[in-house]
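By letter and in written order, the chains are A, B, C, D and E; residue numbering begins at 1 in each of them.
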């Protein structure tokens, strides 16, 4: 396109000419354009602010402090009375944290008899060590009696201290980390034993009451299930409904009613869809509570109006001449719609899908009443098992008293946005492919 | 169904979470219970829907179940409900850590937050705008109190234990309100001019408000305060510093019990339910040294805890 | 299958018109009226379209030619406000009957619109679309052949043969018009309705299209709207003159152009109208 | 203001052509080339458009007439893939100059497109649109007058006077074409570019438009694309013949039609081309 | 046989029917008669007839047999007596069902112990956790239930296959050159489309029904007059209400807040979004647009709670301090205000307007632009007078969607504008919305069958009616001003 700045007035024109108010019109043009630039800048500026706020708060969540300790899997601690051959529950109930504590004590050179010191050690390592060490042992009981280097998670407070998020100027009694612990931390840091690692746990752990062992694993799976369900149901149903209403339905009172109805559904507060889900899917159809499947259905109903509105607008924007051309060749209406109109309306449909899914991905309220705003520690195997969702995890972490969760929450938001972008990218690429000016 | 389902109060949620997590870690043959949040009302509603696989087993509540609710429970077939009191939740006032020390009495709170006060024998709209107008010992701060919204059970405690307690009923009567009911109503009516801000969210929201308004006073749960002691400074009420001890002994006036309700019919039916409740009631969980206490739950006295255990073991229903 | 092959056409060209067979009435309009909303655009038109003949519709702009044409393959159905009265038959079947399948009707009665409306697809796809939905080509090579022969017949092959994959909307006005002709004949309908098919064509292209029409007539039936009296005289066997929504006169082209019954026809043909 | 009033036109009609004034060159194309993407559609066209004359562009379909026409008021700017080289002047100002103002240019050089494209607005609004944006009518009554006279000139007034508020898209093909002519002349541009303005018109309407062109020529400059040699001969003073993107020959219409220099022109005019 | 397997087999039958149908139709096309439908339509018709009725039957059969099984189990259970070990018959049956399910996990041929005590370890070894209340008498019932279920399943499968094959044969028999297979297939598709659009209706019915009864109950204790025309929202809580202090449920402050906040949000989102759309589609280069559009769409994907927190922590205090600095002392913008909430919500909604409008604007044919530009209109005139009117239905749709979202939003309002139901005209003060109250009344500690909770349903229905009116008006506007290009 030969794009010539429109705002330069024709200076070279010599002869006096008819006054068509060009000056004012150009000013209007310029203003209009500037409004456009301003509008986009406003949008992008807000986006930037939001992203900066989120990322600057949350990026630290992707690192987690661990202490590498040589754990000796001491038989005396794990199985003092040597009954594990007969009673497998011994290995489950064993005092694993003690193993970690012993290793730490040895590392720091504390006298185990020094009770006050030992007391201060409490809360240095994560309680999650229990599960971590137990898993090692149950995977391979032969480790008992040997020594092995294990990365033990530091407790959340130490993690915060390590990342420098704890204000050390506050009175020691008011902090969750004592000066002694800080000293130990610095010592371990200097030894290179205590360090930050990439926090894979954030992606793999389920919910937990301990910040350091809580992760988005269950939420990611839950959201994934739900988004698949929403996509698989809402997109085809939405497009089908729009096609019916826009292309086939006779224009009469009844279809007006449906149209108004659908627009109206878009304004129904999302929690009401939760009520509906509770009444219909759980109470009436007897589906399980807290299940991603029900969540997906509820979000589908919530997303449908958005997709339908966008699709109908896109269908209506296809010029009638294309329709006549297809029909005139003996295409049936179905063929006309699916082979000509739909491809041309695809960008609008995809936009509706992007916006609808973005909302479905970020909603908590409708999930509240169907039991998905919950503490779920175990991975769901199927969409019918209890699960949570990304926004739910964010919401729940946002309400946690422990500060370390705030960081995790921001990290979770970043994950959600990445999830969203990943989801959108296909749609955006497709949309670009279908876009056509005629 | 092989998983325990719990729903209800978001105040009890953190405790239930800790228990559920440890339960799952200890009893590896059972799945970790699912603990929903959603408010006591909604939890009890789900609880009272009936008996069977597709109903929940436990409802957490930050208030005792109501007669009405029990009745509809029974109507739906949930005839045997076991009540478990897990401990107490202290309700504290706190300000930003940089602020001065606060010592409150219920009357201060009443005078600062009531909608109408008796001034010179007449009932007028609350004229106080600064704390030191209420009580010269308090700082010269604009009144800005972040109090629990009406959806919260805490609000009720706040009204009865502070406003009602601090209310000068005699003065009200003198001002011409004869009806006791009317007096009660006036006592707990909170001003609506923006000085008292309802918070329907959680305490994190209150904390955020204090963060953004350093001269605000917020109402928190004790547990929340303890977890954020580096940001908040707690106020004494009637000279008592709130702590697990002062609350447990009943010296600190503002606290409320926390409960959960178990569907007895499910006890042998849902795998692990019985074990879960027993695990919850164990001193390892709700004793004074337990993780719940560390988190901020105020343990009930020893005898009361034992009583709860016994009652549960005996299968006592409401 | 019924594809027009080059040969069959060539054979046909040799035939002389058989007066008998030409009297078969392919389509018949009986008291056709069309309303756009309240407004009536066509009044009581009785018109026969004879098989293997070219019927030309003439008349001043806005007299209802396109409207009548669109009735013949029920394209008026797509205009919300349009309502058709009267009866139209194709091979004696009422095309507005409930049992008739419009899609099949339109496959049998093809149309070239007044305003060229290529699909925003490649030139190849534009032509291949019809044969594809009607299953006229079994193989890719068959399709290529149909596309090529259709484009050749529409006298546009040379211009587009190197750019078959480019969008049909990037063609010049006249090229689009010929593309639309190619597209319509590619499905080899029994009746072809052409609404001013040569309006944007130069004389040579026009001549080629006229030749095409003459060829097609051997096997098909054609109705053409034209503003050029010369063209009507050249290509058609029968002519119908419309005016203000009425069919003024209809008859053999020779007679119409030499000795019309109606004064208006005469005036119009001689350019005295208005 | 410069509204064409009936009188001024009537006065102008009386004037005889002044040989001198006609030699003023209103627009000049200098080595104009146009590319659509990679493909060159127009090659080195040098063509002068003389003031108060009608220049006809002829040539086979797809030869670049519309492309050249669109260069003259920079409508090619709106096609993403189009690129123009060379120089075009209007009153000696380079219209592709950075300083030139396209809006003013297009207000001075108006255009009637090949495919009628009425706005989806009422007929009245279609015509009033141009005058309104240019502020050519102060009062409602002025506007009414402009609309009426434009429609009258385009020979469509009688057909639409009762339905001015109905949408322009509900008109017949020929009516739409005349509406677009009316729309273009309503802003009284200095140069009017008409791309086959009579393609969908019957002979009488065509004659009326040709009359209009002849009238307009007195005050304006007109470039017209046409496929009808007769029309070119009737209305134009100068004719330019395009072929395959090249300007083959250009000259006085009389000469072009009687004694062309180029063989291709001769072939084309006599219909032997192709 | 598991339903999934049956389904797979039915589909396989359908595929076979498709292939045969297509071939038969192709074979019949000898060129003598013009076939009505293409061969693959015959194939599809055969497929559909083979699959659809069978699948329907399968679904019905599955539901029916699970009912039957339930009855069967209930009938087999011993009479209930006062000392029954299990609390209710329903629980009894569910224990049997999970036992039956567990038994299926046992290896075939394992001898079945007679008591649960012996059975349990076997099951645990297979990873089946069973309730401790399972009784010995349930074991034979469970075994029997499994046999019955197997038999039902098998019978059902046979019947379905028969139906499927019958359907296929019927369709294949019908194949003839003039058979209207395409119409049949398309009619079914049309029914499918129609069914899809009725989902919206069903949703509405569901929503209304799930709120109606509680609403009626609510109005039994609170008069509609005081609800609809009350200007004070102070529901109190049932807990304290023991003293009989009935709250006040005035809708007006909430309604005002809803409309006010939505209006502010629209004032932000619509101009910004529309201008962005116009700029992206008409001015910006392709590359700019392809970056900006998805970037703006991210705004719609940020969870609303994040916006809320942003409003509380950053924007609210900033605006308050700014206003304090402006007046040099007391801030006129409160930390929580309609303005803040509307602003933040508007930002969130920008992409809803911008992206949808952008698509519609891009879809306006170029001939429209050319027509206007060719007359000497500037770009902006073209946009304002030709393109936007032509794109109006889509744009109104986008704006409606925006308004809807604004009305239905909770989290942002809770955090940015608060929950206090004030009635004020000052946009810089706190107010709250209907939606917020719906959520709060439903999720609090309030007693669930008190008017305090039930009012949420009344609010929900009221909002529903309100937005219905809004949409009817919008439909009318679109109808009136719509400009349909060719």
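In this text, contacts are C-beta pairs under 8 Å (C-beta built on N, C-alpha and C of every residue); 3 or more make two chains touch, one makes a residue touch a chain.
Going by UniProt, the chains are A = Phosphate transport system permease protein PstA; C, D = Phosphate ABC transporter ATP-binding protein; E = Phosphate transport system permease protein.
A quick note: this is a predicted structure, and the numbers were derived from the prediction, not measured.
Participant: Return the chains common to the contact lists of chain D and chain E.
Facilitator: Intersection of chain D and chain E contact lists gives A, C.
Participant: Whose C-alpha centre lies nearest the centre of all protein C-alpha atoms?
Facilitator: Located nearest the centre of all protein C-alpha atoms is chain E.
Participant: Taking CA centroids for every chain, report which one is farthest away from chain C.
Facilitator: The chain lying farthest from chain C is B.
Participant: Which chain pair is joined by more contacting C-beta pairs, A-B or B-E?
Facilitator: If we tally the contacting C-beta pairs, B-E comes out ahead.
Participant: From the C-alpha centres, identify the chain that is farthest from chain D.
Facilitator: Most distant chain from chain D: B.
Participant: Using Cα averages as centroids, what's the distance between chain B and chain C in whole Å?
Facilitator: Chain B and chain C have C-alpha centres separated by 83 Å.
Participant: Please tell me the distance, in whole Å, between the geometric centres of chain A and chain D computed from their C-alpha atoms.
Facilitator: 59
Participant: Find the geometric centre of each of chain A and chain E from their Cα atoms only, then give the gap between the two centres in Å, rounded to an integer.
Facilitator: Roughly 19 Å separates the two chain centres.
Participant: If a residue has to touch 2 or more other chains to count, which residues of chain C qualify?
Facilitator: Within chain C, the residues that touch at least two other chains are 103-104, 115, 133-134.
Participant: For chain A, which residues are shared contacts with two or more other chains?
Facilitator: Correct list: 6, 20, 25-26, 320-321, 332-333, 344, 368-369, 398, 437-438.
Participant: Show the residues in chain E shared as contacts by 2 or more other chains, in ascending order.
Facilitator: 182, 309, 366, 376, 378, 381, 442-443, 484-486
Participant: State which pairs of chains touch, listing all of them.
Facilitator: All chain pairs meeting the touch criterion are A-B, A-C, A-D, A-E, B-E, C-D, C-E, D-E.
Participant: What does chain D use to touch chain A in their complex?
Facilitator: Result: residues 1-2, 74, 76-80, 82-84, 91, 93, 96-104, 107-108, 133-136 of chain D touch chain A.
Participant: Any idea which chain D residues touch chain C in the complex?
Facilitator: Touch list, chain D to chain C: 36, 39, 58-62, 66-67, 81, 114-116, 159, 170-175, 178, 195-196, 199-208, 227-229, 268, 271, 273-274.
Participant: Where on chain A is chain D touching in the complex?
Facilitator: Contact set of chain A toward chain D: 1-6, 8-15, 17-22, 25-26, 437.
Participant: What does chain A use to touch chain B in their complex?
Facilitator: 92-93, 130-131, 166-167, 170, 174-176, 206-210, 282-283, 286, 288-290, 368-369, 371-378, 386, 396, 398-403
Participant: Could you pull out which chain E residues touch chain D in their complex?
Facilitator: 366-378, 381, 385-386, 389-390, 483-486
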